[in-house]
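After the C-alpha cells below, expect a handful of questions from me.
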Amino acid sequence: MPSEENLSADVVIVGSGVAGSSIANELARAGISVIVLEAGPRVDRQHFVENFRNLENKPSYQGPFPAVPWARHPPDQQTPNDYLHTTGPNAEAYQQVYLRMMGGTTWHWAGCAWRYLPSDFELKTRYGQGRDWALTYDDLEPFYYQAEVMMGVCGPDPAVEDLGSPRKQPYPMDALPISYAAQQFRKLIQEKTPWRVVHEPQARNTRPYDSRPTCEGHNNCMPICPIGAMYNGSYSVYHAEAAGAKFIPNAVVYKIERDSANKRVTAVQYFDPDKGSHRVTGKYFVIAAHCIETAKLLLLSADEQSPDGVANSSGHVGRNMMDHTGVQVTFISGDQALWPGRGPLETNVIDNFRDGNWRTDRGAYLVHMVDDNQVDLATQLAISKGYVGRELEEQIRYLASHTVRLFSHNEALPDPNNRLTLSKDHKDILGIPHPEVYYKLPEYTVRSCEHTRYVFRDLIKLMHGTDEQWTPGYFPQDHPAGSTIMGTDPKDSVVDGHCRTHDHDNLFIASSSVFSTVGTGNITLTVAALALRVADTLKKELAHA
Amino acid sequence: MRQTHKGQPVAEWCASPNAMRLNKLLRMSRRDVLLGGIGLSVASTTGAVLAADTAPATPNNEDLSGFMQVSQRLTDRDTLNPQIGAALYANIVHANADRKDKLNALHALLEREKFTTASAFAHAAEKSDPKLKDVIHEILTGWYRGIADGKVVVYRSALMFDITKDAVYPKTYATGGPFYWTSKPPEVARPKGHPALSASALVIEPT
Amino acid sequence: MPDFSKTLRVLLSASTVIGVCALSQTPVHAEDAALDQAVLDRGAYIATASDCIACHTKPGSQPFAGGLKIATPMGDVISTNITPDPDHGIGKYTEQDFEQAVRHGVRKDGAYLYPVMPYVSYAGMTDQDVHALYVWFMHSVKPVASAPAETTLVFPANMRSAMAAWNFVTTKEEPESGDSSTYDPLRRGKYLTNALEHCGTCHTPRNFMLSEKQDRYLAGTSLDGWYAPNITSSKTGGIGNWSEDDIVAYLKTGHANGHAQAAGPMAEAVEHSTSHLTDQDLHAIATYIHQVPAMDDDMEHQARDSFGKAIEAQDIRQSAPTRIDDLTEMDGQHAYDANCAACHGQTGMGTKDQYAPSLFHNSTVGSARPDNLIMTILHGVQRKTEAGDVSMPDFSGHSDVQRLSDAEISKIVNYVMATFGSGDPHVTADQVAQFHKDK
C-alpha cells in the first residue's frame, strides 16, 4: 500500500539525467514546483576518479560505476550481462550501457554535442527511408542554442567550418584546439582524400565556464572527467536544486496511474530500496528515464485500462529501437609518431558521410579518430608479441605513439520488429523485470557499415598501417533511440512533435526514445534541446492554467 | 605536533596580533572557535609514503629476493621498487598455485646461466619449459601494466607510464595546462629489437 | 598611538597644494574640443594602476557603475556609480569635486566617504595624474543611468560625519608632485605602490581605529578570510628571497614559478590592474618593494616558498571499485589523490608548464597560516591575464565539480601542508567552517 506522505508538485519528472534535470531547472527557475524522482543514488566525482584508477579493465566505461541493486544498469557490454538481455541476429550490437544515478549517463559521455542536420528530421521526405520527425530543424534551432549555452558547448566558427546545421548564434565557446595527432590526421585527410576533418562541437570548456574550469586534457572524458571541465547532468541537478526543485534519489518508479477516462496521468508510484511504496501526484508528468528504462516503465504500468502499457494505444512503445551501431578498428601507423592521448578523447570527425543522395540506399555515418592514450594497449600488444626487457620498452614507446583508433556512428532505421519487452525470466530485487531487446541490424545500416569498412581500409593503407585489430561484428555506441517514437499519427507513434504522448494529455517524454530517426551525431544535445522545448511547453501551459 | 616559537601549536595561526584585532571586529570570533578546536586535533603522520589500504601477505624474504632478481633481468633494469615487487609477488603467487615453483624455476635458471639480457633469459626459459612463458607474461604485466591477479596493484607507478612520461601521462593525470596537446610530441624511432618469446594471441577484455 | 603631527602636516600640505593649483571649476564634457589624447591615455593608465574598476564594477555589470558589495569589519559597503552620468554618477563633479573625493574622501555634497575607498592612498597622487584621471573618467567612461543601493552600516560607522574625525587621525600618503612619468625607478615604484596600486590597503595591518599601521608597513594581515601576506623584504617573513624578475612575473601573470600564485582579491588586482602595467613600471614596483624595510613575522620563520619537494610515492592499490552510492569520507591522502592529484600530480609537482602549480615551493602551502589554502579550496582560482585564463574549481558545499565537507577539506589541508609545506597545521572541520560561514 502506498504510504501516507503528501508528495505533490506541479510537474513530476522521472529521471535526473540531462533531460530531467534541465527541465527541472527551467521550471524551478520559473517558479513552478517540481519533484524529480531518480531511481539511483546521489553520487560524487572523487569516488569515481579513484574507482577508475582501481579498475583493472580500464576501457570498461561502466567499470567505475558499480550499480545499486534496486536500480541496476548494465555492468558492461558483454552478452549476456545479466541485466540488459539482448536477443536476435545482432544481439551483441545492442548491448547498450547507461547509468542509473543522479545526473545520469552524461557522467561518462565524451561531450560530443552535435546538432542534427536538417535532413535528419526529414529522412522519409528527402530519401524515402525511415520516418520524418513531427518537427523540423527550425523548430528545434532555438532550443539547440539554449542547450549549448546550458551545457557550455565549444565549436568552430560556421564561417570557417560549416557543420551543416544552420546557426543563428555562434557557439558559446571557441572550438577546442585539436591535438598534434589530430592535426596530422586532419592534414593527411585534407591532402590525400576528397574528405575533410572538422572540429567536433563539444560540451567541454575551452575557457572557464559556469564555475567550472578549462579542460586540461586528462584524457578521461569517458569514463570520468576528473575536474568537471565537461558537462554532465549533475550540474543541472545542482542548478535545479538551487532554484528550488526537489530531487528524491533511490526512488524507483514502477507505476503510472491515470484517471478513469485514461486521458490524464494522476500520479506515479515508486519503491524505495526497501520496497516501501510511495505515491507522487502532480499536474504534469515527464518521463525522462533514458530510452530503455522509459519504455520499460510504460510497459510495466500495464493494467486493465491499458493492457499493453501506458501511452501504448499504437503498440509502438518499446519498438523501433535504434542506435549508431558502429565499426571500430585499431592499427599501428607506419608514419610519424602521433602519441594519441594528449588532450580530450574525441575532438575531430570526418563528416563527409553524414549526408548525401546515397541515403536513399545506405545509412549515413561519421568517423571519429579517437585521441585516447594507447600506452596500456601498446603494452599488452608488445607483451603478446613476445618482447621482453629493453626491446619491450622500445616496442611500448613505438606502439603507444603510433596506434590509431577509428570508429564510426552508423545510422539505423526505425524497424518495429526491433523491440524492447519486459523479461519474463529475470527480475530485480524489487520484482521489476529486466529489459530485453530483440535486435536485427537494418540492411540499411549493414550497407552503411560495409561502406565504412572500405573507407577504414583506405585510411589504414594511407597511414601505412599494420596490426589491424577490428572489433568483432558490430559495435554498440550506447546511443539508443526510438522506443517511444515521435510522429503525427497516433496510430503508429507514441508522442507528438512536442513530445507529448498521444494518449495522455499531461504526460510528456524527454528522452532519445522519441527520436523518429537517429542521424549520425551523438544524441545528447538533441535530447537536451527536446527537453528544453518540453520545459517551454510546460511553462506556457502552466502559465495559462 | 609541530611547534612554533614560544611553544605555540601552529593551529593558533589566527592568534597572531593582526588576526586577533580583526576578529574582535568581526561578528564571530574565529580565534575562539579555533582555540576551542585545538584540543580535538590529532597528530597525524607527516610521512609521504603512500601505504596500501591492506597490505598483501608478506612473502618470505628469499622468495621475494628471487622474484626481484628475475624481475630485474626480465626488465633489463638494475633497480625496481621493492614495495611494488612485494605486492606483485604476493598477487602473482595468490592467483595461481604453481607460480611459486615456476618462479623458483626461473630464478634457478637465472642463477645457473647468469644471463646478461632479458631476451636471452626469456628465450632460454621458454625453451626449457614452454609454460614459463605465461609466468614471464605475468611478471611483465605486473611491472609494466601494474596488474596482477586481475587487480590493479599500481596505476600511476606502472613502468609503462614511466617510459612514456615525456609524451603522455596516465589518464586522469594532466600533463600540461589547457591546449598543451597542440604541441609536437617526441618522435620515436622504429625499434630494431626482436621478440624473445613466441607470439601469443592478444586477448582484449570486452568493455 | 596615531601620529597626529604627521597627519596634520599631510592635511596642511595637501590643502596648500590645492590652493596653488588652478583646478577647472566646471565639469568636462565629451564634446569639449581639443582633448589631448596623451592626457586621456595617461588617465586611462592611472585608472588601471589605481584599479578603480575592481571595486566600482559588479561582475557582469557595466564598468564603473558600482554596486559591488565589499565586506568590511563594519558591514557591507556598496560601491557607487562613478560613470559621468549627471544624475546617478559623477557627471556633475568639477575637477575640484573629483579631487576632493579621490584624495580626501569628501563627496560633492560634503559627506565623507567610507575609507574602503582608498583615498588615504590616492592622497599621494600628483595633480597632473588627478587631472588626467578626471578627464579620462569624464570623456572615456560610458555614462550609466542607474544607481546601486545605498550602503547601510552599523553604528558608529554609519555616521559618515564620524569619518571626519577618522580622517583627522589616520595616516595618509604624502602627495607627490611634478610629472610622475619622469620619476626615477625607486620614486616611481613608491608612487605606484602607495599612491596608485594602494598595496598597503590590504597588505598593511590596521590599528584599532582601522588605520594602516605604518610601523608594520606591508607586513601582512587578514582580509575577508584571505591572508594578504607580508611582502616586505624580510627573507623569512616576507618576499626578500624573490628576485626582481619574480616580482615582475607575479604582477604580470599572477604566477611566479616556485614562489606563489595569485588567487582571491590578489588575482583580481593582477587581472584588472598590475598585468596591464608596463614592464618598466612593474620593475619600478619591484625595485621599490625590494627595499621596503624587512618586517619579521610572528609566525613565519622560514621563507614560505622554501618548503617541500616532490614526493616519490608508489601508488600501491588494493581496492576494487566501490558501489556508486559509497560516499565514504576519505582520509587526507586519498582525498588529495581523488581531488587534487589530477592537476597537481600525486608527486605535487603540478603540470609540466606549471599551469597547475607545484604544491611544494609554494607560498600558499608553505605558509604557517593555512588560511589561503583553505580559501583556495573553498573558492577556487580565477585569474585571466594575457598569460592565460587560469581556473581551478572550488570544492565548497556549492561546487558543481565536487562538494567536499569541511572535514574532508580539513584533511586535505593537513595532508597537503604536512606533505608539501610547512607541516601539519591540525586544522579541524569547525575551523574550515569559519571560512565560509554565512556566505
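Per-chain numbering from 1; labels A, B and C assigned in written order.
One rule holds for everything that comes next: contacts are C-beta pairs under 8 Å (C-beta built on N, C-alpha and C of every residue); 3 or more make two chains touch, one makes a residue touch a chain.
Keep in mind that this is a model prediction, so the values were computed, not measured.
Distance from each chain's C-alpha mean to the overall C-alpha mean is smallest for A.
Among the remaining chains, the Cα-based centre furthest from that of subunit B is the centre of C.
Subunit B and subunit C have Cα centroids separated by 43 Å.
Computed centre separation for the pair subunit A/subunit B is 36 angstrom, with centres defined by C-alpha atoms. Subunit A has residues 49, 52-55, 214, 216, 218, 226 in contact with two or more other chains. Listed for subunit C are residues 315, 317, 319-320, 342-343, 351, 355-356, 389, each touching two or more other chains.
Residues of subunit B in contact with at least two other chains: 151-152, 155-156, 172-178, 180. Contact residues on subunit A toward subunit B in their complex (touch as defined above): 49, 52-62, 76-78, 177-180, 183, 206, 214-220, 224, 226, 336-339, 341-343, 372-373, 375-381, 383-398, 400-402, 469.
Of all the residues in subunit A, the ones that touch subunit C in their complex are 40-55, 63-68, 99, 101, 207-208, 210-214, 216, 218, 226-228, 234-235, 238-239, 242.
The residues of subunit B lying in touch with subunit A in their complex are 73-76, 117-119, 121-122, 136-137, 140-141, 144-145, 147, 150-152, 155-156, 159-161, 163-164, 167-168, 170-191, 193-202, 204-207.
The part of subunit C that touches subunit B in the complex is made up of residues 73-74, 205-208, 210, 216, 220-222, 298-299, 301, 311-320, 332-333, 341-343, 345-346, 351-356, 368-371, 388-389, 414, 418-419, 422-428, 430-431, 434, 437. Residues 1-2, 4-5, 9-11, 13-14, 16-19, 21-22, 25-26, 28, 30, 33-34, 36-38, 40-46, 48-56, 81, 83-84, 87, 151-157, 172-178, 180 of subunit B are the ones touching subunit C in the complex.
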